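Mind having a look at this structure? Questions to follow.
Labels run A, B and C following the written order; every chain starts at residue 1.
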Amino acid sequence: MSLSFRKFLDRAFLLLLVLLFGVAAMFLLLLLGYVFVKGGGVVNLGFLTSMPKPVGEEGGGVLNGIVGSLLISFVGLLLAVPVGVLTGVFLAEFPGSRLSKLAALAIDVLQATPSIVIGILVYLWVVVPMRGFSGLSGAVALSLIMLPVVARSTEETVKMLPPSLKEAAYALGVPYHRIVLRVLLPSSFSGIATGVLLSLSRALGETAPILFTAFGSPYLVLNLLKPMAALPLIVFNYAKSPYEVWHQKAWGASLVLLVIVLVLNTTSKWVSNRWKVRF
Amino acid sequence: MQTVETARADDDALTPPALKEGHSDWPSFKKFLGLFPLSTSMLVVGMALTLLVQSYVVFRELGHLFLVGTEWDPVYGSYGALPFLAGTLLTSVLALLLSLPLSMAMAILLGEYLRSGLFSSFLQGVLELLAGIPSIVYGFWGLMVLVPFVRVLQETVGAPTFGVSVMAASLLLAVMVTPYAASVGAEVLRLVPQDLKEAAYALGATRLEVLLGVSLPYARSGLFAGMMLSFGRALGETMAVTMVIGNANRLPTSVWEPASTMASVIANEFAEAVEEMHLLSLVALGFLLMVVTVAISLASKWIIQHLAGGEGR
Amino acid sequence: MESAVLKVENLVVSYDGRRVLHGVSMEIPEGSVVAIMGPSGCGKTTLIRAMNRMHEVSGNASTEGRILLRGQDIYAMDPIEVRRRIGMVFQRPNPFPHLSIYDNVLAGYRLNGIRLSRAQADSLVEEMLRKVYLWDEVKDKLKQRGTFLSGGQQQRLCIARALAMRPEVLLLDEPTSSLDPKATAKIEELVVELKRSVTIVMVTHNTGQAARISDYTAFMYLGELVEFGPTDRLFTVPRDRRTEEYLMGKFG
């Protein structure tokens, strides 16, 4: 092969790569474009603050979905964060122990499990004994999804802390439990917060695990023991319906969901950069 | 355990109060801390056991018919899951194949050509966005935009224009799983030792030749692991698939037909399953799905840890 | 010799079964500066860390022998109490990055949950920062993070933090080896001044430093205490041939 031909291939290949990237970017553009344009036509203050209306009636919104999503996700956080953070601390502090190896495997398994299967599990564990769907079971399902993310990011952050930090505290006669609680955890705050924000963003977007746990509701429900609405469920139900009006609302709900998720992702990046404790 | 000690209000000298004897708490706090990884582990063990036990009934009652039977009709009590196994496999394999050029291109761009700089951040941003979009949004968009497009394709090919089909699901999945293989691939390509590449450049190779001859072979196990990861993700994807695959509970004979996957049939039928056997069959499907997905994920993680970046060490 | 505040009796330290210190005995006189010097690997770091039981924190250490702090064996005491009475400053300055300068000085109290009134805290911080000659340099930036200071300033902050606990002995593990000559000189001056209020034991890799500021010097080699005595004497008429060779630079 002549040199000029080889060079030509080289250039052509780069062009191919850029083209393929263009395809991916185009998909993204189409996706975001449709959601923002179609959704933008529907979302307004009324949409965000009013309740869904039956077919045929004007107006209606997704307030119950927003409230429900936030409620289930925050309860899920309350369940996942303490267990996740402290598990992560243990994994970072005692990496050789058998318990750590077992827990690391468990976290990997949990993270790899499809979210629909997590929904099945929580159905069997919570919905069946409770004899009914509930926001609480939805929160439990989401907490199982958030747990591995929080645990891993905590573990990684604590592992990266320089040992001189613990040394300095030991030398001041600080007992171990205070070293963990008053030195390690505060120093890991930005890493942990990043993990929490990312897991929250993921949980808010999940539909499958709450399909048969929280189940959804047309009402504004604040009681965790009852079935509860959530934004992804609203999108699903509106999308499945045959009514054009509801399809429009589905775009609107998708836009709201997408914006929330993007804001959380961006915030977590910002937290990671801004609050990073430099050593 | 919290002993709040107050410094004695001496005039000048502030001395830390002496500790009580035998206060050293390292072993007991370690035990306390250990409760959390323990409960995490117990949780997951419990999860596996619960699903196994519930599925066992199905396997015992239906035997191998569950896996090879092609009739899934809850009304008549027949639960042959082959259509879903086939649908899952078909869509995931097709998705992987379709995503390969995209993810490899992104991986090579990020791992070799654009390792830093403005465009590199832009590329990473695109990948992160793609990965961050909730699957229900993908699904709805797929239903509204992709499905009509597939109908057009079907017209061109002369197939019945269902729109919702294996092809639609595979296309959508391909876009969704691209970020996973792309970022793993980019990472392992970045790990290719600079001096190996320089040796090739010094022999007069072009960039493409170094890529094909040195970087890609070096990183091949990591790239493979990235593909496995994508495949695993495709297997478990539920909402996006449900919306565009048509949910037909029969064995697909072509990619232009509607079908169902294990995940999509669970999503569709679980909440309304009245018959106990129906419910348990869905649970059994979920159990199978979990086993396969977890196995693939663990295997690809193992490959990344032990083989990728370690070639020739 | 003045009374010994710290008495090391036949100290043997092993890591994972391997002996690192072979029966070291020495007395640290009160109000003095004692330098421990020797080539790398001689055990000087292990020795000083054994003095506040820091060597137990990382790895599998087993200890035989005693170290008496004013007559009390520190190996029979709670290690946490030992470290409150014997402070330590490390080779690389390590102020807590998530705490301000103010809170760093008080870290020993804060982290241990000991409450101080605002007035007590303010006066303690000022007293300690003045002692290490940092007060004028940082009095307007007390609320800033400690990591924004220069290396030398950070190290002085760490000394202030250790002194705030009013220890009876202050252990310095090669405190100036990561600092530039100017900062080193400042710390050396400080050490000489501080011995009036706290006994100081200092590991140094620099024989000149030992000669400059210590009252007594210990020379360690291969885990043994080869020689210990008043600095002037040890440097001019060393009793052991190995000491002499080390001082002449025959090995480092």
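Methods note: a contact is a pair of C-beta atoms (placed from the backbone, for glycine too) under 8 Å apart; a residue touches a chain by one contact, two chains touch by 3 or more.
As the structure is a computational prediction, the values presented were derived from the model and not from experiment.
Ranked by how close its mean Cα position lies to the mean of all protein Cα atoms, the top chain is A. Across every pairing of chains, the maximum count of C-beta contacts belongs to A-B. Centre-to-centre, using mean CA coordinates, chain B is 53 Å away from chain C. Centroids of chain A and chain B (each the mean of its C-alpha atoms) stand 15 Å apart. The mean-CA centres of chain A and chain C are about 49 angstrom from one another, to the nearest whole unit. Counting partner chains per residue, chain C has residues 80-81, 84, 108, 112-113, 165 touching two or more of them. Shown for chain A are the residues that touch two or more other chains, namely 173, 175. Those residues of chain B in touch with two or more other chains are numbered 16, 19, 23-24.
Listed in rising order, the residues of chain B touching chain A in the complex are 1, 16, 19, 23-26, 29-30, 32-34, 36-41, 43-45, 47-48, 50-51, 54, 101-102, 105-106, 108-109, 113, 123, 126, 128-130, 132-141, 143-145, 175, 178, 206-209, 211, 232, 235-239, 243, 263, 266-267, 270-271, 282-283, 286-287, 289-290, 293-294, 296-298, 301. Looking at the complex, you find that chain C touches chain A at residues 52, 54, 57-58, 80-85, 87-88, 90, 92, 94-98, 107-108, 110-113, 147, 158, 161-162, 165.
Contact residues on chain A toward chain C in their complex (touch as defined above): 162-175, 178-179, 182-183, 186-187, 189, 277-279.
Residue ranges on chain A touching chain B, taken from their complex, read 6-7, 9-10, 13-14, 16-18, 20-21, 23-25, 27-28, 30-32, 34-35, 82-83, 86-87, 89-91, 93-94, 99-100, 102-103, 105-117, 119-121, 123-125, 144, 147, 151, 173, 175-177, 180, 201, 204-208, 211-212, 215, 232, 235-236, 239-240, 247, 250-251, 254, 257-258, 261-262, 265.
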